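Take a look at the structures listed below.
Consider the two complexes below, in which subunit A is the common component and subunit B and subunit C are the respective partners.
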Partner chain A sequence: MRSSGQIDQGGAEGVPTGSPAAADPVADPREADFQALIDADQRIEPRDWMPDGYRKTLIRQIAQHAHSEIIGMQPEGNWITRAPSLRRKAILMAKVQDEAGHGLYLYCAAETLGVDRAELIDLLHQGRQKYSSIFNYPTLTWADVGAIGWLVDGAAITNQIPLCRCSFGPYARAMVRVCKEESFHQRQGFESLYTLSHGSPEQHEMAQDAVNRWWWPSIEMLGPPDTDSTHSAQSTAWGIKRFSNDALRQRFVDMVAPQAVVLGLTPPDPELRWNEQRGHYDFGEPDFEELRRVVGGDGPCNRQRAAHHLKAHEDGAWVREASAAYAAKHAATTAAA
Partner chain B sequence: MTLVVAGAAAVYTLRIADDCLVLSHRLAQWSSWAPALEDDLALTNIALDLLGQARGMYARIAELDGTGRSEDDYAFLRGERAFVNCQLVEHENGDFATTMVRQLLCSTYQLAQWQALTASTDEQVAAVATKAVKETAYHRDLATDWTLRLGDGTDESHRRMEHALAALWPFTAELFESDAVTREVAALGVGPDPGDLRPEWDAYITRVLGDATLPAPEVSWRPTGGRQGLHTEAFGYMLAEMQHVHRSFPGVTW
Partner chain C sequence: MSEETPAPLWEVFIRSKRGLSHNHVGSLHAPDAEMALRNARDVYTRRMEGVSIWVVPSAVITASSPDEKDSFFDPAADKPYRHPTFYSIPKEVQQL
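Now for the complex of A and B:
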């Protein structure tokens, strides 16, 4: 049984809370300069010296973020062939393609830390690196595509905007672009849900049902409660994590609660209400036991998502081998010429 | 059969639009299944281009046939027998070799067709064609690169490419068929007669297959009928999946 502190689930799109390796008992003299850079809000670049723990934490966090983008293509891609209009089909295809692009971009950012993509994908297949638990839920109706855009991308943005100021340069720069696109996706999801909610009674019911199913998992995406998030302090000191899970969760609820009113849809939380005194929305307790189960591998689609990715990877092996053989052959021809 | 299109120019344009829509749908089925992320991006990129081309053409057809129908009426409310795409584009994806051979054969044809259509007397068609030429040149380049790599890669990739070519080659004859519709639009200067695209297609494909060490198959079977709404069995399943949500909620807005 994993302890909650081990759940790498700190954020939307699988960004973990960060659980750095144990600090090196022998302090490196370069560490003071490194920390001074971070404290001055400067960026650490790939060629700069960095503690092993920082490197390992980032590799895992960026890899899990990349894996989340790639696995996230499955639940939404599930509806490309059934999208109910050509306009929606084009939007959805472009969105899933953006996710592939984000994945590629993030794998490249991880590679600046001295790992390669193939290695990270192997770790994903071995279950040694995770992806966001949210993608282990099924997309059952067309409205789920809108609900994911609105809620899941909304939670992702909440989590990722602070990462635009992350201390590691390549990750921070990747996040700037990713956030712009995610924000576009969230508006598209909202608009799609709005159309359904204000359409026929059957469409409205479909939209409400999707929100009922995606609301809590999206709130849980922001990670375990602060009381269980044991490794946040080091990530905060390293300028990787800037806000606690619960602070981000509150920010997310404050954003989507009024949007639900505009949508004409009711979040499945009887405790959700504006608290004048706090200046925030109050909301019910997420089911963190469920989060733990899903992260631990027993969500509705964990096995399916992993098997899908592995099958695509294995089915493509002969293609990658052919590419390599062709390149080698032609390198030899060029060298001989 | 519903939503039959009237007039040679409209029928001709519909054939082109349906080719694009159906091929786009097939390519979109690769999403999250490609051999590498870069290939996933490339395949959905082509699918998106083709979908855009189809939408541009459907908009024009609605004006040509005077019905003012929407693009979704054409895509989602016609049955199997009302689609007039060629059978090659509806061929199931199979493995990556099959998809890439299909793409090479189709893109080479479509590029020649779009190039000719840039001179169409129908200004809207010419405008779509001008954009499509650039997009389709990239589609053909990508398919060409993969044909070379897979044809001249490993024994396995070469064998798979031979199988794919053998399976798809018979369906290319239909691309170049002329009939009353194509003769009329050619006379009006709306678009090329498909037979006229053949020499350029032959020259390009012969060169690429040669470079890829792949012999062009010799076949006696020449399936046809797509332009008359006669399709393969696989096509019905594709349409059923594509149309079911739209048809389950008649008359609503998405």
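Now for the complex of A and C:
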């Protein structure tokens, strides 16, 4: 990743050239103005001065988020050709296209901070930037598509709604678009799972099996517990993070637990029950060791996901080359005329 | 793979319906204007969000500098008489 001192291009919303390298950001007098804007719940825009750490944190977080949207197309894309009806196929294609769109909104937001999308994709290919752990699980049956929409998109929405008020303008605006589109994702998943659950005994069993496998990874998707979440305090002070991982996790469980009852499916958590005093659902301890393992590269599909992305990128190189050549030729003809 | 020169960046503006002006919605990469328009349609109008799209090469946009934002906009700051609320009007006048 480029340091901010080397930024040379950022587009209209991008960083002005010669942005300070900020050797000691704390000493910078502009930091007080910057923090005052955040404390007044104002937005930071790309050409504003910002501490180096703020820029780096956002680039890392937005890139990781963008990669997640793009890699997240794979598990569901796996079922497009085998969707059980034309209706389901059209819905699934629309959803997967939306995820591509989400990735692009987010790369666009990251680029306003002075990095190139191509650079971020290189970092993904080198394994130096991550994506959400959840997409390293396989989609074994058609019911997994429903479970992903209901649980994975549900967890994503829980995480993304507060980001609509993130202090960095382009990220917040991208999140507003994303959240508008996500509600269809969750509803189509719920509907699909509901249909299966109320179908034949085999279909019901398939839906239950999908929930058994996706329940815990979705809960873990909201991140490590607050006790060992490393960047939280600073991200909160910077208005990037508004709620802790554990608070979001509770919110997610409170949302999906009663929905499971309507679905007629049983979450694989014997400790899940309504707690009258707390006004929340109690739930068991997620396997954070597994989360660490999957984030660290050892999930069931990590290598497959990375290899597929790299292959698609390389297989598409001729299209990018051809369109660049066409544009160059066309520009020459126009200039000559 | 990184030897490829990335396609240029374009800013995308969308008129959401007739009667409204184009609004900035984001940016995207495309080799030329034609492709930028097509990509903008796919990325930003999957749900009929627009009836017209502009794409502008990001590189040609000139923007005011945030560093001088106070001095740049200063001339307007001390002219409250440009607003109707600056003027007191007798109560008898109902509408003015």
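As a working rule, the second predicted complex is superposed on the first by the 311 of 337 C-alpha atoms of A that agree within 3 Å, B and C clash if a C-alpha of one lies under 4 Å from a C-alpha of the other, contacts with A are read in each partner's own complex, and residues count from 1 in each chain.
The definition used in the following text is that contacts are C-beta pairs under 8 Å (C-beta built on N, C-alpha and C of every residue); 3 or more make two chains touch, one makes a residue touch a chain.
Predicted model, so just to flag it, every value in this text is computed and none were measured.
In the superposed pair of complexes, A:L104 makes contact with subunit B and with subunit C alike. Once the two complexes are overlaid on the shared chain, A:G316 sits against subunit B while remaining clear of subunit C. By the touch criterion defined above, A:T334 lies against neither subunit B nor subunit C after alignment on the C-alpha atoms of chain A. Of the two partner chains placed around the shared chain by superposition, neither subunit B nor subunit C is touched by A:Q277. In the superposed model, A:M93 lies in contact with subunit B only, and not with subunit C.
When both complexes are overlaid on chain A, the residue A:E202 reaches subunit B alone and has no touch with subunit C.
By the document's definition of touching, both partners, subunit B and subunit C, reach A:Y326. Residues 94, 97, 101, 104, 317, 320-321, 323, 326 of subunit A lie at the contact with subunit B in one complex and at the contact with subunit C in the other.
Subunit B makes touch with subunit A in their complex at residues 21, 25, 28-29, 31-41, 44-45, 47-48, 51-52, 54-55, 58, 71-72, 75-76, 95-96, 148-150, 152-154, 156-157, 160, 241-242, 244-246, 249, 252-254. Subunit A meets subunit B in the complex at residues 70, 73-74, 77, 80-90, 93-94, 96-97, 100-101, 103-104, 107, 142, 192, 195-196, 199-200, 202-203, 308-309, 312, 315-323, 325-326, 329. Taken together, the subunit A residues at the contact with subunit C in this complex read 9, 11-14, 16, 45, 47-49, 94, 97-98, 101, 104-105, 108-109, 111-112, 116-119, 122, 125, 170, 173-174, 181, 313-314, 317, 320-321, 323-324, 326-327, 330-331.
Contact residues of subunit C toward subunit A in the complex are 1-2, 4-7, 9, 11, 26-29, 31-32, 35, 42-43, 46-47, 56, 58-59, 61, 63, 65-67.
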